[in-house]
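Input: structures, listed below.
Paired with chain B in one complex and with chain C in the other, chain A is shared by the two complexes that follow.
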Partner chain A sequence: MTMSTAAAPARPRRAMDSLTQRYLVLVGLIVIASVGFGIANENFYSLANIGILLRSIAVLFLVSMGMTFIMLTGGIDLSVGSNVAFAGGVGVIALTATDSAALGFVAAILAGMAIGAINGVFIGRLRLSAFMVTLATFALARGLALVIYDADSINVSNAAFLWLGGQSWGSLPVVIPFVALVFVALSVLLYRAPFGRDVYAAGSNFNTAFVLGRMPQRTLVWVYVLSGALAGLSAIITVGRVSSGQPWTGLYLEFDAITAVILGGTSLFGGRGRLLGTILGVLLYGIIINGLVLTGTNPYLQSLIKGLILLGVVLLDTLVQRRKAQ
Partner chain B sequence: MTRRLDMHGIGKSFFATRALDNVDFTCIAGEVHALVGLNGAGKSTLMKILGGVYQRDEGEILIDGQTVEITAPADAGRHGIAMIHQELSLINELTVAANIFLGREIRRGRTPFLDKAGMARAVRAQLDRFGLSLDPHKPVRELNSGEKQIVEIIRALMSDAWLIVMDEPTSALSEEDKEMLFDFIRRMKAEGIAIIYISHHMPEIFSIAEQVTVMRDGRIVLSERTGETTEDAVIKSMTGAELDQFVKPHKQITGEVVLSVEDLSSPGKYEGVSLDVHAGEIVVLTGLRGCGAPDLAKAVFGLDPDYTGTVRYMGRTLTPGRGPAVAVRQGMGLVTENRDKNGILPPLSVRDNIALPFLEKSVTAGLIDGARVDGIVDKAIRDTSTKTASPAQEIRFLSGGNKQKICFSRWLDEDLKLLILLEPTRGIDVHAKADIYRIIEDLAERGVAILILSYEIDEVLMLGDRVLTLFEGRTVQDYSYPHFDKDRMLADMAGAGHAT
Partner chain C sequence: MTFKTGLMAATALATLGAPAWAQEDTLDIVFINDGHVAPYHVAWLKGFEDAIEAYDEAFEDTEITGRWLSAEGSLEKMIQQTEVTINEGPDVMFVNAINVDAFEPLVAKAQEAGITWIAVHSPMESADYSFTLGDVVNGTNQGMAICALSGGEPYKVGVMLGQAGNPSGEARREGILKGIATCDNVEVVAEQPADWDTVKAQSIAENWLTQFEDLDAISGVTDAYMYPSIAIATNSGKDLDFFGYDGDIPILQQMKDGPVKADILLSGTREGWNFVQMAYRIHKGETPDKVYDFYTPLVMTEENHKIALENGFPEDVEVYYVDQALDVAANGYLEFGPDSVK
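What follows is the complex of A and B.
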């Protein structure tokens, strides 16, 4: 994680100051939440539980990193959760039809990218509202998933296909180093490659980016395709975790991802934020949710608490922003 | 009793930047007090403190000898202080009268119905008082920027403002509108209104202001009656050094034609315009606002596909509306006239804002070479003497003129072949203006073809190798250096040259 700090070629100094403060607060909250849940339930600190925790939020890590790119451009992707179900369905069907894990992987990722491309073309090229377009594909992808699965789950036994999401080395799930790898790759893309600068530029001022010849229309398309590809990867991991493909998987995932990204300090209005914040946001959010499960909190209350977290963060951010504007 | 404002020992820091240091500023009813200084000297910051936008760190504000606390824009309004914004805060869909009475509408008796006729009458009375001929029933959408500013001022006056602050009010006005505004200012003075007037334009200041105060690096370095000082003294006090006057170098233009525009027309914008720009040549388009030149420039840059006629660049005919990405790749650059709308990327650093158009040149093996970018950016900042805390500073925290310098400096690349500049020195101080002219001339010497749109006649005369006057979208005359005739050019722009 030090990688991104060293690699960022141009961090606005002020933004770094306030974002660094934010990250310190997040680290503090992560410590407090872990200690609190550790006291409430001695199982919280067991290696097994940490493995379970990390594995349960692996998908959230991936999807939230894609969401970070999108929110940096000032957009939003409500379709990721449905896309995970859809891409999983396509992958599982391809796997059962060909019995080739490789083809299954490729099919899942391509399917995820296809939904992303639809989002991207409507949002980037035709300049439709990201909220509206992804709300439509949110329903559309879920519908396709239900059709593919015929509304029923499909068991998967192909060991190679299940490896990424299901295998552990001791108590370390294979998927965790994989997520770290994706984080490093995306950090390089965001901070060291011209594409990353274009992501920030498109979110800062679309018109200026256009006049400077940066083709923000194209940037937006690729950002949604990237989010779709990560949804496809997430689908593979989800199937691996439960050894089956399920049409209702990924429900509320977009909500969790948006909350984690906002928690991580990425601006709703684009142009401001970093991947490291998202990682911390997912960790904190994951610890809270996992802790609530372990301490036996009424599941109905969990949704309420999630809602309160999002509302609280948005409120706090807005108040801080208004104070600073003075 | 004449009302007066006193600001005493005002200090303000933004992190490491000391924007204001022990500033004393006084303003008296019935006078215009001009505030001048280099870009980033702290003029807007001082006014934002007066307007309650920023909080001061030190000092006090007194009105008629009484200490007042101004912690929010509403406080300033309560004390009769009005800021006239350039980003105008009017609602386009409403009429002049409705805008002026927004939020404190007059009702008919106790009914919920608006007394539109009554409001229009009140507005008309105010307009008459200042000899203005605006129609209160006109939607604001149909006004030009000068008229919009007047509506804002009238709105302030009708809510009992006695002190009007204008931060570079003329930078977006045509010559005609400037005259209208100056008339209005003179009448306000006569009515006992106090005016603080920020401008980089010395002749304006000496024609309407009673007092002039110069700021340098957040301090007051001079404050005199305009009758007792001179333009040169004021300009000198801004930096401490004489103005390094720009003198146009003598040159022979021998380069090939880079841009050739033939019979370009776009309905309602421009009509049958033809022009050539050679390598190393500076061609200036001028006219009144609305003469169609910005639209023409945008068509050349590939932003607007709706035209007939041909645009040839480096011998090849360009596809209409091919987009700026192609234009930039082919070595064209554009500085737009509206830096906030499509000139800057507000949350990004100065560095990103400069490096973006030619980022690909600093890429090796797919990754950005940070050191190379730093080199380009540092040079761009140095060449244009841009005042920024560091290249990592977010551009939105720069002063107006320094933002403009960045919009210009990002194009200083060695592969540039054609640079299109729309009002390149808008908001730029007198000293930096000369620097910018020199950079433009250097670019030309290197063989860059330069197409400029300028509404300032002095700039037109100073820079152009050739000048085209435009009136309502048509070329009136084509002048080449040194056969410039200022009076004829002004007549061309006003449409008088057209008739003869």
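What follows is the complex of A and C.
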């Protein structure tokens, strides 16, 4: 008893330290990238470009936060990009049918949650592989989106529906304060609510969490539903951004989200990570993409550079973890 | 000493200043493409880059610069690239939009910034110009070529399509089916989207060869599908005819004594050169047609063309023979180089 009490406080402090180190590395990389791109092209620091940069990563912020919850449980969600397309389709169809932006919003979020619930039930309740289940819903949701849209786009002109994704206050896109609010709400949920502790418990050791009565199977269901709801919100923002519903939207979004979450220090095996790291990961990712376009970097090199940065950060993290373990 | 310093300064200024005065006029062209997955794209972008260099060298009074971006099929990425580019303020933007509706708000932004927006392949009413391929007409020519070279006997063909909902792919499909409908001996036994993806085309070709043992031909909306299809047919000892679309040089080379019977001569190289020619002409005050159709002849061997004509293929369809097609496909400057606008 004494031993376990003595060991318990030391563990989280070590985890915090390594995460803090990761955040410092990310902040350092963000500063280096910003200074470098700023020197290469003075337009990088223009308000217009900062607005473009923030708007372009708003959707990635949302889905990455959902992905963080999932990866904290040791899971993965490959369906999130397809879910954005599907939820957008349902939202746009509801909007077209009722001419009510509110119903369109609700329909999009519920549609996203429905795909999330399918994932959650199969993964949480039936204990199937998250990779396999979400790979299936990745195809399912994209197929549903293509059927709903009949593979064609649908124009949207409802100003209320387009407001969130399309409106700006000067150079500041409306969506940025909205994403910040979502971040605060999710932080409260993760760090101040029992649900957050259940998320960490499920990811650290599912069986132990089960024995302790934390019902990790139920937690998994809700984590995927949450990710689906965020995909629905992302769909609303995407429709607003392009003034239309698009069946092929969200393509490869899951890979960008997974990249950002890993960059942010969340463990692929669950139980370790924080939303702040994800925010920094998304920001670094967005700055790199924006800067590479702005500096006219050869598109052949862009993927290479992104891959090298990811590999470098993961390698650095592994080395730090090993040194600490020794 | 003062005189000497002054003279040196004047000389230096003259030396440094002269080229600047000579090149007061600038033309910056950006080409944003939806993806970069097929040999056609490689040729396209190479043609674009070569043309930028050639025009910049040929016209000393104008500094011509250009760059291209690839969205790798991602709508979000393409929108971001377009927003960043508009903020940079080039003179002309060629945008091969994944879906034109999604880009309507950005066309307005670009035009507000004084940028000429040229919609590529899929026409846009709001764009300053649309650079189109005449896909329905080209597809119809391919379909009629299938009819004319089918020999009048029952002839089964599989048609590989583009990505569902893609306007260019849909137009090509419409044209091919329209052309095939001009005869009653050709039966379309299968239609399948391969999403512009060579690997998916390979699986589809394998399935078709298993499913339809008496398949006579494969038609595709892009030459990217021809590479795996020809290889699979050859490896399985099947004697199939192929009807392509793009004018890729390796496919054109397989027309002489090979399985490829007809192809549409878009040619990525030609298209890249045509972009720069068009941008230069607009920059110099010319106004091309609002919907500018890329000149795209059909390619056949001379022998097959004669057979086709005997079988009722329309005489007014412009046909290039293989050598001529290979020449212009490899050397975009022949039709669209600086000499064409001097």
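Operating definition for what follows: the second predicted complex is superposed on the first by the 287 of 326 C-alpha atoms of A that agree within 3 Å, B and C clash if a C-alpha of one lies under 4 Å from a C-alpha of the other, contacts with A are read in each partner's own complex, and residues count from 1 in each chain.
What we mean here is this: a residue touches a chain if its C-beta (ideal position, glycine included) is under 8 Å from a C-beta of that chain, and two chains touch if they have at least 3 such contacts.
No experiment lies behind these values; they were computed from the predicted model shown.
For the composite obtained by overlaying on chain A, chain B and chain C can both be accommodated side by side without a clash. Look at A:192: by the touch rule set out above, it reaches chain B but stays clear of chain C.
By the touch criterion defined above, A:211 lies against chain B but remains apart from chain C after alignment on the C-alpha atoms of chain A. The superposition of the two structures on chain A yields an angle of 130 degrees at the Cα centre of chain A, opening toward chain B and chain C, reported in steps of 10. Once the two complexes are laid over each other on the shared chain, residue contacts for A:201 go to chain B alone; chain C is not touched.
Shared-chain residue A:244: touches chain C; no touch with chain B. In the superposed model, A:324 makes contact with neither chain B nor chain C. Look at A:294: by the touch rule set out above, it reaches chain C but stays clear of chain B.
Superposing the two structures on chain A brings chain B to within 36 Å of chain C, judged by their nearest Cα atoms. Chain A has no residue lying at the interface with chain B in one structure and with chain C in the other.
By the touch criterion given at the top, residues 9-16, 188, 192-194, 197, 200-201, 204-205, 207-215, 267, 270-272, 326 of chain A touch chain B in their complex.
Those residues of chain B that touch chain A in the shared complex are 15, 53-55, 72, 303, 323-329, 334, 336, 341-349, 351-352, 355-357, 359-360, 363, 366-368, 370, 373, 389-394, 397, 410. Listing the residues of chain A that touch chain C in their complex gives 43, 46, 48-49, 52, 55-56, 59, 146, 149-153, 155, 166, 238, 241-244, 246-253, 289-290, 293-294, 296, 299, 303.
Listed in rising order, the residues of chain C touching chain A in the complex are 36, 67-70, 72-77, 79-81, 83-85, 87-88, 98-99, 101-105, 163-165.
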